[in-house]
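Each in structure tokens, the structures are laid out below.
Heads up, the next two complexes both have subunit A, just with different partners, subunit B and then subunit C.
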Partner chain A sequence: MSDLLAHVPHTRLVPEGSYGPEGKAGVRARQVLGLAVATLTARKGKAADLARRLCAAGLPLVDAPKAVSTMAFTTIGTGPGRWLILAEGMTGTALLAHLGSLAGADATLTDQSDANLIVEVTGPDARATLAKGVAVDLHPSAFGAGDAATTVVSHVGVTFWQSDAAPAYRFMVARSFAPAFLRWLTASAAEFGIALSGTGRG
Partner chain B sequence: MTRLSTGGLIDRSRTLSFTFDGVAYTGHPGDTLASALLANGVRLVGRSFKYHRPRGIFTCGSEEPNALVELRTGARKEPNTRATTVELFDGLVAQSQNRWPSLEHDALSVNQWLTPFLGAGFYYKTFMWPASFWEKVYEPTIRRAAGLGAASELVDPDTYEKAFAFCDVLVIGSGATGLAAALAAARSGARVILADEDFRLGGRLLTENVAIDGAPARDFVARAEAELSSLPNVRLMPRTTVFGAYDGSEYACVERVSDHVAVPAAFQPRQRLWRIIAKRAILATGAFDRPIVFPGNDRPGVMTAQALATYAQRFGVGAGANAAVFTNNDAGVAAALAAANAGLTLEAVIDVRDALPSPLAAKAKALGVRVITGGEVIATKGKRLSAITVRTKSGTQTLAVEALGISGGATPNLNLTCHLGGKPVYREDIAAFVPGAVPPGMSCAGAVAGQFSLSDCLNAGTEQGAAAAADAGFARAAAPAPKAEETPTGIRAFWQVKAKGDLAFVDLQNDVSAKDVGIAHKEGFRAVELLKRYTTMGMATDQGKNSNMAGLALMAELTGQGIAATGTTVFRPPYTPVALGVLAGHHREKDFRPTRPTPTHAWAEGQGAVFVETGFWLRAAYFPKPGEKDWLESVNREVKATRESVGVIDVSTFGKIDLQGPDVGTFLDRVYINMFSTLQVGKARYGVMLREDGLVMDDGTTARLADTHYVMTTTTANAGKVFQHLEFCLQVLWPELDVQLASISEQWAQIAVSGPRSREVLAKLVDGHDVSNAGLPFMGVAQTTVLGGIEARIFRLSFSGELGYEIAVPARQGERLMETIMEAGRPFGITPYGTETLGVLRIEKGHVSGSELNGQTTARDLGLGRMASTKKDYIGRVLSQRPAFQDPARPIFVGFKPVDKAQRLRAGAHLLTVGAQATTHNDEGYVTSVAYSPTLGHFIGLGFLKRGLERIGEQVRAYDPVRGSDILVEVCSPAFVDPEGEKQRV
Partner chain C sequence: MRIPCPYCGSRDAHEFAYLGDATLTRPDPAASDAAEAFHAYAYLRENPEGAHREYWYHANGCRRWLVVTRNTRTHEILGVAFARPSTDEVPA
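Entry: the complex of A and B
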């Protein structure tokens, strides 16, 4: 058994730092902080109306596994008529109020700002690392910037999306599963070297 | 030394050291352990499974039946490793198996003289009486005698991992066909993966003296590999065995990342499990050279003709000082000539046919090779082969040879075509089974499809590769197939030499001889699947890759029904053995599954909590204080403090589901047995939901936050299951309902404060909200803020039976809330408690939990029958009315206390009428939960008893043979503490 993570309690986030061969960082991962998150679900039969109305208000909703970003918001399709809405520099309460004013009676909103951790994974070996747990074809011909998927990685449910062509991927992981997710990510990226940040000093 | 003077794809400039059975040898990079052993003249490498007969290296691939060794030492020791697939590395240590005291002098080799008694079915017939001996005497003895190798029993020091790959075309096998297919597919732009179990690409091309496009075949291999490596759309995967074909065009593979080094490089796994999802797959796995059955065909030095040629051509090794080849087909003759070409001294080619095709005869003549046509090998000699006896029409003769290559024809390596149910089809013209129906998306090319000629292989590979790429949406590349000469493929079906003498083996690995097939036939085990089980033919690591064909041909001859009608046994994954470690990958030890910490985990650690796994969650079990001698003392203190003052526990692990929409009330009425549409806003209600079969699925409280907004709690264990159930109901059963669900289990931290002083604690937390009995009554809900502006939901609920509140705040505020509660409760001696005390409190109160909601109990059994509404329909209603569920004698929920208060009650104990015999027939119920009640000063229990409610006050026997306890208990109400529920309403 590798002692790579032997010193890290299974209940804590893998602490920030470098893991793997000295001086190599084929993968960079960081916790993205400061995002408010809400689920937005269309009321029965209102998905199309809702998407139209919010698009007109500058909040693009695509009823598909896509991530669309504007200056302030990112919307991610997680199921028919269901989206995650992410907003920077805003509290969950404020995000709900804003979305509520746009959606009116066409949607149901739930604050999820405390429910998840968001981890960004990037670097030249990001794809090779993610292939060790993500059962989605991440080849550029199959999955590009703006594509999203809700799936399971290493027994942990995630929603993830490619945020740019670099490539950079963002994974949203339920808070109590985040230690397990980071253990898998760190172990999988170790052969390439991984620089992990934003997860505290352990 | 039998290393030939030149040739071989080995690096003679470098030397690798290794040991076998403690003796030091050397080899070269490019060698396998098998080729290096042969190069050192080591021909005896193991003892056979049953008779302990001396055995040698029989093949050059993963189908090896004999040369199984223990590789490496200590924690990395691997038994039953095939020497023929082990890439030689410096410092390699290997040991032979199944011999004592030594390989040369094996005590149990006396078994071979007992052969007349050890035939097929020997165990079944011999070790029958007395029955009690089977487990204690016979089986251990037989296992010790027959066992091959021993596991290390130490923790594996290496890591393993899993990975997914996606491609347009997966090519399995990198011989002529596979290379041609990969080139054709890759040139069209398709994403191609080429996998081969060998560490070197090329397959048989590394062995054959043939020309492709006017150059030696090895040059073609090098050019193909160079081109494929240069293409960004190609991934070459040598050392990778595709071991299974599954639904969804998924192929399971093991990549041996570090098996060829002594210790994996830092941060490198030992092996990697790949799941390759391929739009199309081309099976180009070639064919095995199969043995012929004749007396003494198992002696060290006898091997397949293909192996003989491969050791000579690819490894520059003579399998003996001289050799002969015995065959019935052109490829066998070609292999002999290839070996001779490489410098092996070939004494003769013995062919059962009366003549060779003229091109082969000419080649043999040119090489000066003696050809004996119409000949059969009828006997062999030597612990290591020293001579063979050949019979022809003109008589018998003896040839002194150290190696004998045998070839009974080609058996297409079609295992993967059968993994989804395909059945091989027999072709008389080539005396071989070829693939029948293949898995969707797969096509077969080359030898596996019965196309044995090199030119046919190259053409088929090129054609199938291009076609597969076209299927995946790519334009066909224009390049033509590589050109090669026609290689002869003639064969005369021939399975067994009819001659008396030594045992004639069908299956070397399992010591199954032709005689055993005869026994199976005589005793009625004639179907191939029965033949396999009765004789063990085709079992173990090689799964009959060498033996099955001859075995079923022999049976077909005995039954007279022909080979096609006899058929093959079923090929199942894995194609070759797979280590369990690689199937586990990252998920071992504590990483076996996720560990979920609660929002207050770090705080509880700071308090010295002892934790317990509850599903994925790690929860505080209890909080020991210095000086407490055991958990019970800690738990008693926590219970008392809660009952007398105030206690606190993190209950964030409960499932929490947000339900919104105009139809939520209707929806809840249908999933719960009781009514929720009538629940007032600002109130919570306890609910029970049933499965469709009428048994209880889960319970919990659901609160109404607003007219169209409810929040449900589920038990910790069923959080996921209940959410899934609700989604199913909405998506499938009642899609017309306008209800939206969201899991909020992770969004909210929830902390329960319980005990007579809990209101005083709560009052210090809220930002001015009225928490008096009137302001926040029992089962009331407040949406407010705490700790100066933190959004909070406060539920006045009680699992303990005491005045109690559950306070929910956003998860990131959970720890702060806990610390503030502790601070606010300090004047009252607030006591944190864990799941142990939680259990004691609810058992004292008679609340049901997981032990009672065990999937076998109805609402009526749980004493909750009166909750069921008669004014509405709900899931499980109809089936909960089944007569058996209404039977008054059905065990019902009651409490128990020991008659002798000093005695301990055991959960799991069965209940019997006093004086009744302890038999299943007399069983009247069982105890589900027990606790020591510090409030009452003795053990108490909950459980189910026949007509229990009518038997309050009666004494029954709690009988627990598992834990050796048998005591009298008194039946009582399950509510041991505050039966009227007054304390929670104050």
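Entry: the complex of A and C
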């Protein structure tokens, strides 16, 4: 397995394609594109007010490591009074303007749309693959759809959440660390076969 | 060793940075023995056996400071709380 990624420069994303035994894809991974991302941090003493107001406006904020999705938004708790907000079909600028109009002076906002790479991991061997690097219990009795965690995988900081009971997981990784994360994912999933898409041809 | 973070849940110790003794109080700089008191505050440490209160920073998690009560012989975690209790409470 040591030469699996020998041809891929360490500075580039692992190119889309199949890795591991031919004709097997126990794991599927794809880069999720087209999401606007912002961080929202409540100002001191304002978290409860803010959450109440934004919930009423259709933006559910739960002060816990949870991922909550509506038609338009996903909110993910990353720390007390701190969330990631994801939106589909919207620019980062538009998302920030929308959040700013709701939060007013009760929160600080930053546009993170360009900062991260989001990878969705699915397939029957997704859990067995993630067990090699995620030191959070992903057994369905401990972690299910709607649960989120900010942690470290193979020395790379990530925020991830389970987006579907199937299971499907979405990992958000700082863009400059994405090549290292994808190398870890590809090498860890290779014994099951992994079909990787959305990362370009290298 | 795993530390049950009040926000994140059970996490491996390597996600945290260790600062040390959480039982110390910063001395009064105006006191007549301030120099001696600050020397003790900055440099002198007990090496207690058993339960000990310590600061741990959840660097690769929620990025909050915790006070962890740890048994120094067994690494059993006896209690965890945010170092600075939040004034915020968000309804579930």
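A few points about this structure:
Following the convention adopted for this analysis, the second predicted complex is superposed on the first by the 201 of 202 C-alpha atoms of A that agree within 3 Å, B and C clash if a C-alpha of one lies under 4 Å from a C-alpha of the other, contacts with A are read in each partner's own complex, and residues count from 1 in each chain.
As a convention for this text, contacts are C-beta pairs under 8 Å (C-beta built on N, C-alpha and C of every residue); 3 or more make two chains touch, one makes a residue touch a chain.
Remember, it's a predicted structure, so these values are computed and weren't measured experimentally.
Once the two complexes are overlaid on the shared chain, A:78 sits against subunit C while remaining clear of subunit B. Of the two partner chains placed around the shared chain by superposition, subunit B is the only one that A:176 touches, whereas subunit C remains out of contact. Once chain A of one complex is fitted onto chain A of the other, the partner contacts of A:149 are limited to subunit C, with no touch recorded for subunit B. Applying the stated contact rule after C-alpha superposition, one finds that A:88 touches neither subunit B nor subunit C.
In the superposition on chain A, A:44 contacts both subunit B and subunit C. Of the two partner chains, subunit C is the only one touched by A:62; subunit B is not. In the superposed model, A:137 makes contact with both subunit B and subunit C.
Annotation for subunit A, partner touching more residues between subunit B and subunit C: B. Across the two superposed structures, the residue set of subunit A contacted by subunit B and also by subunit C is 44, 135-137.
Interface of subunit A with subunit C (complex): residues 42, 44-48, 51-52, 61-65, 78-82, 135-137, 149-152, 157.
Against subunit A, in their complex, subunit B makes its touches with residues 155-157, 159, 161-166, 191, 266-269, 275, 277, 586-591, 593-599, 601-602, 605, 616-618, 658, 660-661, 736-738, 740-742, 744-748, 791, 810-813.
Of all the residues in subunit C, the ones that touch subunit A in their complex are 7-12, 14-15, 60-64, 82, 86-92.
Taken together, the subunit A residues at the contact with subunit B in this complex read 1-2, 4, 10-12, 20-21, 39, 41, 43-44, 92-93, 108, 110-116, 131-137, 139, 141-142, 154-156, 174-177, 179-181, 183-184, 187-188, 190-191.
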